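See the structures that follow.
Here subunit A shows up in two complexes: once beside subunit B, once beside subunit C.
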Partner chain A sequence: MPVPTMVDPEPSVGNTAPSQQAAKKVMTKAERRELQEKQRAAKAALKQSQPQPGKPNQPQQPKQQQQQQGGGQAKPKPPQTPQKKTFLTESTAAKQDRAAKEAAAEEAAAIQSHGLRIFSHFGQPKPIGHTVKGDIHPTIIRLGLLFSEFKICGANARCIATLTAFKQVIQDYTTPAQNTISRHLMTHISPQITHLVSARPMSVSMGNAIRELKLEISAIDIDMVEQDAKDALCTKIDNYIRDRIIIADQVIQELAGKKIKDGDVVLTYAKSSVVQKVLLQAQEDGKKFSVVVVDSKPLLEGKSLLRSLTSGANSIPCTYALLPALPSLLTEATMVLVGAHALYSNGAVYSRAGTAMVAMMAKMHSVPVVVCCETYKFSEGVMVDGFSKNELVPLSITQRNSSPKDIAPTQNLERLNPLYDLTPPRYITAVVTEVGLIPPSSISSIPLALGKTSM
Partner chain B sequence: MGSEPRSAAAHRSVDVLASKLRRRQIVGSRATALETLLVLRQVIAKARFANLEQLVEIIRGVGRRLVDAQPKEHSVGNTVRKVLHHIREEHHAATQGTNVAAKPTSFSISKFVLQGQPRKHAAPQKSSESKGTLRENDPDDPDSFARGLKPVLMEAIQDVLDELETVYDNISKNAKDHIHSDEIILTLGMSKTVEAFLKSAAHARNYSVIVAETAPSYDGREMAKSLSTAGISTFLVPDSSIFSLMSRVNKVILGAHVILANGGMFAVSGSLMAATAAREHSTPVVVCAGQFKLTPLWNLYHEYGALDFGNPTDVLGFENGDLVDKVDVVNPYYDYVQPELIVAYITNDGDHPPSSIYRLLKETYDDEDNEL
Partner chain C sequence: MFSIYDAFKRKIADEEISTPLAAILALTELIENSDAGTMFELVKALNDGAEALKKQASNTISVNAGCELFIAFVTLFPHDSDNFTDLKKELIRQGQNYAAEALTYRKKIAELAFGFIKDGSVILTHSYSRVVMQTLLLAHKRKRFSVFVTEARPRGLGIKTAEALTAAGVPSTVILDSAVAYVMDKVDFVLVGSEAVVESGGLVNAVGSNQIAIIARAANKPFYALAESYKFHRLFPLSQYDLPSHNSKILSFPSILHANSSSMNTSSPSSPSQNESNYPTGGQPERVPLRITQEQISKNNPDVDYTRSLLLASTAPEMTVLILRRRPDLISLVFSDVGSLTPEGVSQYLVGMFAG
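Let's look at the complex of A and B:
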């Protein structure tokens, strides 16, 4: 609920009061309970979604209102927002809609209240218990929750999970009468995608895969039997996962593995599934090397990498440190091996926050920086600054793996947890892709290497 | 005569401080400097000496013990050096009489080149001819020298103490000249000096601060809390996002642990990365530090910041018990930040570029005390 502002039209309070009284009479007990529940949910969502100026006095307002409504004495209170009262006459859907709008408006207000509009484009992380709108497949709802809880995290994992879920969606889909699958399936899939995006912004890898999927759907022969068409699509999806991710990773393992020699100290940051595979493969090949895992908030993913590197029968000798300790460790490192979220055609690598810093320090120490990345993460267009496009990790996620002394946001104190940053091409020695080791300056030629005929 | 240089009580207070330092019960450069000064005052008050050399030797002895107890707290040694410097100065003033007034004006570049340092010319004749009322090594009354000198020494120590107590005020008095309206400042960790500086600037300016949490101590949280309660719009970010936010930062303000003779410094780990990222974005890096952090030492350890390591539990705790015995965990306390990465030092003795730190050192300490 928005904090009352100067522009709040005072007369409207008078206008809404009578209608509210009228509504009160027709309201049954069940309706009233439903309304209260709704308000409570909205309140909880707001509480999660943002650190607010004037937050402490907020929770009382809805309570007051509930009491008023329960008692049946509708005395309009000037500071109360008029929208709240009109709720009574609105349909359930409209109420939800309104609540969402209010939350958005409040978000904007929260950001502006800090006087720093430069951070406003980040938006606020969404509350986890987001609503389901429209006809969403249960697998997608489940996936949405896994995404928003960061249970499935990482570009590859998210892409594979999304494609697998879409296979299910496609199999459970039946074309309505007087429609063709190539036309109608798209309209069925779009809200599913929207739902996933509302859970967490889409990764570049997912975007590329979905674009490919849409292309395949539109190319379906109209005369094909529906089940055959669905099976064909599922095979296409399987092939995409196999060719662009699984096989690509195997080629990268081999190429990057060649760069690891006996006695090397490989420094890596956070956790990348490809890097993990490369290191484990090199270990399996009998190479004697050690690994330095550097880690940092917000997600502290390095611990999970550390676990998988040390859990095997003959574990790799590992050193673990947090990001500030990096300069002390770089003197020993012979190579920096990191993963990526996306590649941009100017050679920049968009990756987990902190990678840029690791690459920068490695460059200062003349340690080669090797990025492992499948080509399906390539994104057309350029990116020059990790600030312009980023994603914030919700507080509930960061606080999950935090010591108890973590502090809560207050009026003047805001927490920002950017998830990504952009490593400029000048810090990168080479990018290992399934089409070979390429210098960052040649990243723009990846589409050509994949058989695209023109830029 | 000088066979029993320290009384038992003074001896004990030195022991107490030494063990506290060793156990890291006293940490932080200002706290250790203050404690050292109090112990030195006690030692001097109780000391028996017949000439300057004896007194200097007593103080050096105390200094050596304290420095050996905790070599990483450089402000202990600095305080001892500073006190020695003041003692010589007071002694010089007392014995040379009027001559001393002319001394500061006699400093010029040409003499500086000839003599190496401005004070050198006074040093040789220091104890040779005693003038005025002070008589060294008086066989009739061996304590007369100490009696005559102690009051001025106490005054000198009080001066140092006052300086230490007002250090934050003096550093932050010009804060508003360094921070301008609507600027975005990045800082990390918890530095009392930086905290005072930023709060003082907030009286005159409306600006925002981004505080990096600074793992593994996460001191930045405390800093962010303190700044936000002072009404400064504060953003608390993890260390990993320093690079991506740097493009919007106008100035990086850091605290120091030790300022070295070459203009570099030891600072909380993470400072080197922030300073390097700042240079990559051409963002100025300003360091706020009290003068007592100036140390006549060079970085002997280079990359491994001061070879001082903290508790690995902070990095990888026993809740990850399966990992603890398989993995080396590193938690260095400090980073060495090269002078090239720093634009200016803001001290209670004025603002200086890193290149003139050596000159400040020459003015603050005597060369012969560099090795205690």
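Let's look at the complex of A and C:
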């Protein structure tokens, strides 16, 4: 009798769970059954130490067991009497179970030592298929996956994607009875935001946009018809994307393009959507210049920039190099043009890890460092270093660009891949925004000039 | 037919009127003579006029500053008048009022800077600047000081400064542009005028100012700039060669062909660098000693240079150490009619004025 129950859950576990929740349900059921069966078998096996597989202190542990066991069970065995078979199965199962537990414990220890002690506050990147709690709109779930897999990457792209998704959320929302949209929509949106943040920490640009959105929601007139209010919000979102991102980028293209002259060598680091647009626009304007794309592991985003610069009818002459080659290339460069993730009010630029090094070295060589950044990425906070706040590149992304020859992390070897770093304002010559070229020291006077005291 | 350049020339003939003001006055005359019937037409006419003026006038940066200021003023001017003719009249009146008021700015600046001139101080100034002259002459009424003034080649305007100061009774000596470092230890502070103050907080001024600022920095002497607020300009030069005044002739090397053909003629246009440079002579061993005239030198040299507000971190290893300890400002203060500003303050003022 126990045999079929043991075998039963196997296929579903083996066939890489169809959906996350389903898999989880099956697993717990299987676990329970297994436990019962094991206890019974253990008694029969004369004082064999009782395994306790049900302790759920490590999330991976049950999964591991299941897989291990599944593998063990799948082995073809000579048909025997039911009684004996049960006994045999049990003993192997128990053994495997223990082995699995040991492995799991070892792994847990490894992960704990993997906590990158001084960087533990960055937060360990979460596994991708995390659970969905509460009433999350499918668009948001999809977006969360895209974020955590770095399929949508870059402050602008993420902000636009988030706002577009929220438009969908707002349109699909209905205010419950005896509630007003201006009050209740916020409680509906908050878990969606929480879900997105759990997928990947929120970018400053998203934070600013969401703050603006919340402000708009709270300002909805109570007497407004629900559909009208929703449409009005969606228009506001569209306007925000248009004014603060799309049009801003066009102005930046024009302003930064003026600084590119014939014969210039523009050095850029990693990939920024704005920088890409600036370079392509300058090329379209008929300027004769070349580009040095400096890139680095683990993301190697420069490759994508290189592709877009060199493809097309008239491609820009490009040089591609990794960060160690920077000193020898900088002597050739006439300008460094980089993008930014965020700009803090002390003028510090928070950008892809490596930017600070490029900027510092450029300043050493008297090459002007120009940062392209829309004003909606401004943060009113102050940052003094890249350690207080940062993000780690998830392992899955790191592995995508690593060759098998790379040294695997062990107990005494950990990999640290922070996603961002901070460039102090003294290494930056100018920031190109949609309101003009501004020295980093005057950043703080911009939001006031725009009349946005809240930003 | 109204010519904006003629109007500009008429205005600038007045000794007191500086280039940006002349541009503003020329534009007000353009409004007077314009038959524009709408705001849009008027702004377009002004833009066209500014464009024409920039093409003809030699001093593009200052002209630009004036034109930009006036056009921004016109576009932002609240037009609540009943008809457009009234509005135009009002604009003309405002423009002329501004120019008249702007003439008092130098006095304000002179009063601001007055407190910085102490009895017995030795001042270094560069070239000729009306606002510096006015400041020094005002200070001379109450204080005793002496002035070193650079010759400021190629135009040699420093001589004009020295003559005017000596006539007024201020002891002054003309020094060579190349003697600035020699004289710097004797100087208490440097006082210069400006062509334009730009958004980075830097300064565009007669060529040579930048090196004076760097030497002053190295000798730990304050470097003060005087600038009327109409000289504040929405411009962000990334380097010397990013200035609008930079053109391909400046710092160019003559082509070998050119040098050879000109060496046939006895009067030979060539650059000073020609003699020292070991240019590949392209199989022509014959080297006629070239004569270089002053005009050729000035043709190959810039009129203005750009003084950054901050010293670059890279100048020398010792400098880097200095920077870690102190603020790396090349310019100590900019005196203007809106107050005494640090370079950062200038850029914040400009950002607030234009980015708003």
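As a working rule, the second predicted complex is superposed on the first by the 334 of 455 C-alpha atoms of A that agree within 3 Å, B and C clash if a C-alpha of one lies under 4 Å from a C-alpha of the other, contacts with A are read in each partner's own complex, and residues count from 1 in each chain.
The rule is simple: contacts are C-beta pairs under 8 Å (C-beta built on N, C-alpha and C of every residue); 3 or more make two chains touch, one makes a residue touch a chain.
Small disclaimer: the values here were computed from a predicted structure and weren't measured.
A.B. asks: Have a look at where A:159 lands relative to subunit B and subunit C in the superposition and call it first, second, both or neither.
C.D. replies: In the superposed model, A:159 contacts neither subunit B nor subunit C.
A.B. asks: Thinking of the overlay built on chain A, is A:199 touched by subunit B (first), by subunit C (second), by both, or by neither?
C.D. replies: Touch status of A:199: no partner.
A.B. asks: If we overlay the two complexes on their shared chain A, which of subunit B and subunit C does A:446 touch? Say first, second, both or neither.
C.D. replies: second
A.B. asks: Go through the superposed model and pick first if A:327 touches only subunit B, second if only subunit C, both, or neither.
C.D. replies: Touch status of A:327: first partner only.
A.B. asks: Should A:364 be classified as contacting the first partner (subunit B), the second (subunit C), both, or neither?
C.D. replies: both
A.B. asks: Between subunit B and subunit C, whom does A:229 touch in the aligned arrangement: first, second, both, or neither?
C.D. replies: It touches nothing on subunit B or subunit C.
A.B. asks: Mind working out whether A:315 is in touch with subunit B, subunit C, both or neither, as first, second, both or neither?
C.D. replies: In the superposition, A:315 contacts subunit B only.
A.B. asks: Looking only at contacts as defined up top, I'd like to know whether subunit B or subunit C touches more of subunit A.
C.D. replies: B
A.B. asks: In the overlay, answer first, second, both or neither for which of subunit B and subunit C A:395 touches.
C.D. replies: Touch partners of A:395: none, neither subunit B nor subunit C.
A.B. asks: Let me check the overlay on chain A: which residues of subunit A are in contact with subunit B and also with subunit C?
C.D. replies: 364
A.B. asks: Which stretch or stretches of subunit B touch subunit A in the complex?
C.D. replies: Touch residues, subunit B against subunit A: 184, 206, 208, 210, 213-216, 218, 221, 224-225, 227-229, 231-245, 247-248, 268-270, 272-273, 276-277, 280, 303-305, 315-316, 320, 322-323, 326-332, 335.
A.B. asks: Spell out the part of subunit A that touches subunit C in their complex, as residue ranges.
C.D. replies: 259, 261, 335, 363-366, 368, 370, 426-427, 429-430, 435-439, 441-442, 444-446, 448-450
A.B. asks: Can you list the subunit C residues touching subunit A in their complex?
C.D. replies: Result: residues 199-201, 234, 236, 238-239, 242, 309-310, 312-314, 328, 344, 347-348, 350-352, 354-356 of subunit C touch subunit A.
A.B. asks: Touching residues of subunit A toward subunit B in the complex: what are they?
C.D. replies: Of all residues in subunit A, those touching subunit B are 114-116, 118-119, 296-298, 303, 306-307, 310-311, 315, 317-331, 352-354, 356-357, 360-361, 364, 385-387, 390, 398, 403, 405-407, 410-418, 420-422.
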